[in-house]
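In the two complexes below, subunit A is the common chain; its partner is subunit B in one and subunit C in the other.
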Partner chain A sequence: MNTSSNLTTPKSANPYAHRPSRSQAIEKGVLSVFRAATYFILICGAIVFGDIVFKGVPTVVNSFKTTADFPYVTNTFLFTAPESLYVFDYDGKSREMGDQEFRAFRATEEAKATAAGMPVPAIKATSYVYSAGGIWPCIVGTVLLVIGSMTIALFLGVCSAVFLNEYAKDGPVVRFIRLAILNLAGVPSIVFGLFGFGLFVLAAPTVGTVPVGEIHLRLWPLNYYLNFGGWGVSLLSGWFTLAFMVLPVVITASEEALKAVPKGFREGSLALGATKWQTIRKNVVPYALPGILTSSILGIARVAGETAPIMFTAAYVVRDKLPWEVEKASDFFFQGVMALPYHIYVVSSKIPQNEYTARVQYGTAFVFLGLVALIATASIILRNNLRGRYKW
Partner chain B sequence: MSPDAIPPPPQKPFVIQKARTRFFGLTLDETIRVFFGGNALTAVVVLALITFFLFREGSEFFGQNRESITLYRKAGLEYVDYMRAQQESHTALTRYLFDIRLRAFKQLTQDQGLPPAQANEQLADLDAFAGRYSDTIEPVRGFVSELTDVAVAIKEKYTVNRDAEKERAQFLAAGMTAEAAEVKTKAIDFKAELAPLVGVTPAYVEAANGVAAAIKEMLPSLPKLPASTSGFAERLERFQELNRQYLATFPETQKKLEAWDFQKPVPTLDTFTGFIFGKDWKTASFWQDWYGVVPLFVGSLMVSVIALFMAVPLGVGAAIYINQFASAREQRLVKPAIEFISAIPSVVLGFFGIAVLGQALRALSQIEALSWVPGFPFSERLNALTAGCLLALIAVPTIFTLAEDALNNVPRAFKEASFALGASRMQTILRIIVPASLSGIVSAILLGLGRVIGETMVVLLCAGNRIAIPDFTQGLTAFMQPVHTMTGIIAQEMGEVVRGEIHYRALFMVGLVLFFIALLINFLAQKIVRKYRVSIG
Partner chain C sequence: METISTTPTVTVASSSGATPASRSFKVSSAPSDAQPAETLINIENFDFYYGAKQALFDINLKLDDKRVTAFIGPSGCGKSTLLRCLNRMNDLIDGTSVKRGKVTVRGIDINGGDVDPIELRKRVGMVFQKSNPFPKSIYENVIYGLRIQGETNKTRLDEVVEKSLRGAALWDEVKDRLHESGLGLSGGQQQRLCIARTIAVSPEIILMDEPCSALDPIATAKVEELIHDLKKEFTIIIVTHSMQQAARCSDKTAFFYMGKLVEYADTRTIFMNPANPQTEAYVSGRFG
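Coming up: the complex of A and B.
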């Protein structure tokens, strides 16, 4: 805009009114582009989230059923095992039934027909695997995997962070350790899966009374042998694989929490004659612990959400028994489990997409997303609260 | 101490007596320190173990691959493949001709509104020519199909014999000599077996020369397309040119066939380059298995490029907006929301891609108004684009968070100085703040790339899983084709392979490649941050 245009256009009543200059217009334009980018991301996230929630909620809500004994209500989707779904026409009506119900139904119909002296009715059903029933074993498996791996990861992670923050002086070794942690954080999860398969599933040490394989050690003087036959596809393999994967997250989180404890706490304790260990145990870790735990919740979300590392280390496509239905206690650790993320992979890639299978697909995705979202939200809220709480 | 020395005054006992527990000569505090230090070393140990186990399981791949390629040569498969190459080039040319016909037909019927019968009539000359052209290769085809059987039979014999030998070795190792003696093995005389194969070379060469002569004779009579069509002159010219190129390869093939020697050793380097630069990943085929990582690598790269193409503008733009423009309240809401997106598990995103996004994108591509977009319309629901879009959503939170951190670290003084010099807000941001934090932003993008290239479930579910290098000759259409990726192939095939077989080893090698790519990206990101950081002060 130049002055001449100001003079020639008498439209504006106030000649001193602010007129947007060209550069300001550009500035506004660029700003709106940036804003659009931000909200576009949020909208994309909301669409994914909304789609899954919207189509997944009915699966869970429609599965409530009353029962005869104590809680008097149960949810067939959350608390039963997956079954095949049978779809068939009978008596001119289209029916859908789970495996057990279908068998019972067929048996009664056949009995009825024979009693009436009629030929046994042939029921031609189309079956869809995993499309009926629920996801109880998967929920259990995921919870077990998360608890075990987070226990290991927290132990290792907190100890590492204590060393790095309290004991270590900057030197080549510490720098090397920090470099390793940084790089470990960047390793793809499928590589962790391969590593877990190579080490824990195939080559991890087990103790037994008979020697197995070419390489084994006798635990002298006992009559036991250390074999390197691996743990197989098992909870234990999954725990360690996931724990190592999430270790960098836990270490970084713990170190931050330890750093937030003021120096005066340590100095005061040391000045009173406490040893280093006493100082750490009584005056540092307790104050850092809330911070460690809340930040590690984000690690939990990651452990629960990963599929690739457990695909060949811990997850089964289907397993009839629940994890606690084992013959002896030690078997508990050496059994594979079903897991929610793997179940989603199986139901979304191994069975067709149609109206009969959508129920289980969306339902599982919803439950899983809800679980992870809950953990993530808890982490974010707790962290924000914590920021305000400790003031020293 | 000598006996006549003055005895030292008796030491007073310490007032505070404390027995120190010692473990392996270390005091309690030292032990604790060592214990914590040991824990801190886990990260190093795990990294070392990952490298070791990937190498341990994967390293034997090269030996096995060499064996496989040696057999490929010894059993004469390589020899037959020379001939087959000739046949396949011819088939490709025939396809080119049919492609021209298809386009011409489409132009005639759709653009000019001719009824199909009439269009066919106009193209009759071309059809006759194409028919004759495709028949010229028949003599070669006969040889190839006959010799294929011979070569496969030799390979089969060898495999049976090798298995028998293995069985015998196992019996011997178990000390069962009687059973071992019963296993019959028969060494294969490759020279004798190959005689019928090599014997046909002169006949084959003659046949091939006949084919060449026939093609040469035919080419001048290549019919012109109906005058009403347009734009085919170049294509027909190109067809002629391709034919000339094709014919020029004949003497070379002949030389190769004559010089072929089944005993020529396979260099060790070949097995290595065959893996790194191999363009085929073919497994469980009756003919020959090839393990070349290129198609998988290209697939991984393509989905990553698509993802970053979308995620970088969005992530960096959002970071600039939130850091520089947004009100405090907006910041408090948007930052956790984007962090929340990063918590969506990748398998759920993959499922979303299969169930919703794939179909939505395909429907979008088939809208008439959008047909000017390169690659639109496409027919595959699951392709590189679908996977790339979802990966972008995975990369955005990483890029956003790290880039926002980098912007946050630019000292306030920079901004204030810029304002003091009269720069506008936009000038300050684009000319001062963004350049000052560029190293951080670039490393954020690199870490986003690392995240994307290592992502498994989304590509496994949504990338379409077709192992082939996309056809880049048609420009951006390549990005709408299904691809397979390095992460995807490991996840898909690991469950089906026999432990210790070459296929199993090959998957570990792919894992190793992936591991080193990840380390490289990480290294670069750290290097860039450290080297190009604008000094603050």
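Coming up: the complex of A and C.
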């Protein structure tokens, strides 16, 4: 080695001097591929986000309107329901109006003309569905779907993770359950949609005063019947469908988080005469919560974003009433809602495309991204708070 | 280490470079100072299995009340296993079983059907090899056991915290930062916090599983001093890899090898004049 290096670089006294070699050339080539791949992804991401932001922001920004009452300013895109857009020429000017505005305008113009003794003006307008107004019901619906389904998923997921990790003895049954849960993660979301439709929409159990269908049980001695008529297209069906979709993620992550809690905490607690449940409740789960929440944040983005599971189970194309405008409280759970991803799907594929629908599509997409970012940020803050409290 | 067996009169401290010079432990003076000890724990013909593998073979041992007993032996000899049998921590490991014999504490078979391991562990505390303070404040760490038992009286809790921390010789070091995290303490302080946590529930017996193996010599000396003080109130059983430690702080020593009890006698006898050649080889450092 020494002699050969002396042969190749006879004059150099420095044995560590830089010498070009084949492995260095390969290293450079490989590095440039890695770098190019990373930058390619970055550019693609920037284009996608830039496109949505660039085209979506004007829709939101141009919708600020002043109002007569407090808070004196509102945003028609964020805080009103979708409407049809009317485009027409009047008085030599091209005008665009939402449904309500157009009706009011036509009424005043007709009244004006009648008062002046002129013939009623014929306004020939072209209408474009869902291209005016806003997406308030969709925002509300998405937020409700996320909150409900994540609550269910976290409750079920943490319970089963605690059972699998802390109580269940490792054996073929537990391994089979784990495998089943992992496989659940690979099921396409449209399959979850159909599953939710079949189970929750059509066949879930309900309790009522009248028997429904062929299979029902009387809850003797009460005058109530347990029916299997399903929950219909409703928040409840959507919650459970979405919850089942993210459950594998939540369970797997919760198990990981529980495993990350040092064994010493459990043993220390048990050695002080705590029961297993006291140990888990006071000395295991609190420390695992930050980890559980971290993965749930990913779940939130997924729940908020999936269209397929809710299109059969919870989403309406359009609905006049907001979710809290119900007659009795129990109706709240059995109503369908509008949702942002489904709305994007509807305005991009279910109606004729034109220059006006693009505004709504991009505006909705932009708001959607913002909303997911907002919910995720809130969970991250919550997680960091918990993390600060329990560190080891 | 050879000096222990070759020169019977030498103090262990002077033979060990790791021991702080200021402290010179004699080989623990056998219970000459006090009245003869009563037997607290009686282990009879005890066989213990991990699954199909036998870990303990026919152990017969009488452990004295208010004394320090040391378990020594090479790794895997079953000393920790036996220790963990005494508060049934082995119940937590799948597949463990007691196939024969029994362990009685004050005459009660602790593996008996009417013994609740939870209640047993309240009376038989444990300090682990790796100090494991909970990621809570020092205060919350100490009162954890009482909180579990439902104690909510603030004055009583405050009292217990002070008494336990004093008992663990930690009070002066932490009294101004009781509400800071227990994990902010040094390794030795953490271990003494764990001891404080254990004595806070006033157990009768404290099991120590190599409590000093992760500590530096000064922290070790403090814990050993503490063990000395604690034996006035508690029965202490300590598993240790350090023969100096066994020599310094125990009254009786049991030597285990391959899951069997080889020799059990006064610490002085074990180190100065062991009956069994295996024991002699081990304590003189020739194997293990």
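Definition applied: the second predicted complex is superposed on the first by the 341 of 392 C-alpha atoms of A that agree within 3 Å, B and C clash if a C-alpha of one lies under 4 Å from a C-alpha of the other, contacts with A are read in each partner's own complex, and residues count from 1 in each chain.
Everything below uses one rule, namely that a contact is a pair of C-beta atoms (placed from the backbone, for glycine too) under 8 Å apart; a residue touches a chain by one contact, two chains touch by 3 or more.
All values reported here derive from a predicted model rather than from experimental measurement.
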item	value
Subunit C versus subunit B on the shared subunit A, clash or fit after superposition	fit
Touching partner for A:G198 - first (subunit B), second (subunit C), both, neither	first
First (subunit B), second (subunit C), both or neither touched by A:F265	second
Contacts of A:T275 with subunit B and subunit C, given as first, second, both or neither	both
Of subunit C and subunit B, partner touching more subunit A residues	B
Touching partner for A:E27 - first (subunit B), second (subunit C), both, neither	first
Touched partner set for A:Y287, first subunit B, second subunit C, both or neither	second
Touched partner set for A:P341, first subunit B, second subunit C, both or neither	first
Three-chain overlay, closest Cα atoms of subunit B and subunit C, distance in Å	8
Common interface residues of subunit A - those touching subunit B in one complex and subunit C in the other	275
Footprint of subunit B on subunit A - complex, ascending	23-24, 26-27, 30-31, 33-35, 37-38, 40-42, 44-45, 48-49, 51-52, 155-156, 159-160, 162-164, 166-168, 176-177, 180-195, 197-199, 202-203, 244, 247-248, 251, 275-277, 298, 301, 304-308, 311-312, 341-342, 344-345, 348-349, 353, 358, 361-362, 365, 368-369, 372-373, 375-377, 380, 384
Contact set on subunit B toward subunit A in their complex	28-29, 32-33, 35-37, 39-44, 46-47, 49-50, 53-54, 56-57, 313-315, 317-318, 320-322, 325-326, 334, 336-341, 343-352, 354-356, 393, 396, 400, 424-426, 430, 447, 450, 453-457, 460-461, 487, 490-491, 494-495, 499, 507-508, 511, 514-515, 518-519, 521-523, 526
Subunit C - residues contacting subunit A, complex	87, 89, 92, 94, 118-119, 121-122, 125-126, 128, 130, 132-136, 144-145, 147-149, 181, 183, 194, 197-198, 201
Subunit C contact footprint on subunit A (complex, rising order)	169-170, 262, 264-265, 267-275, 278, 282-283, 287, 390-392
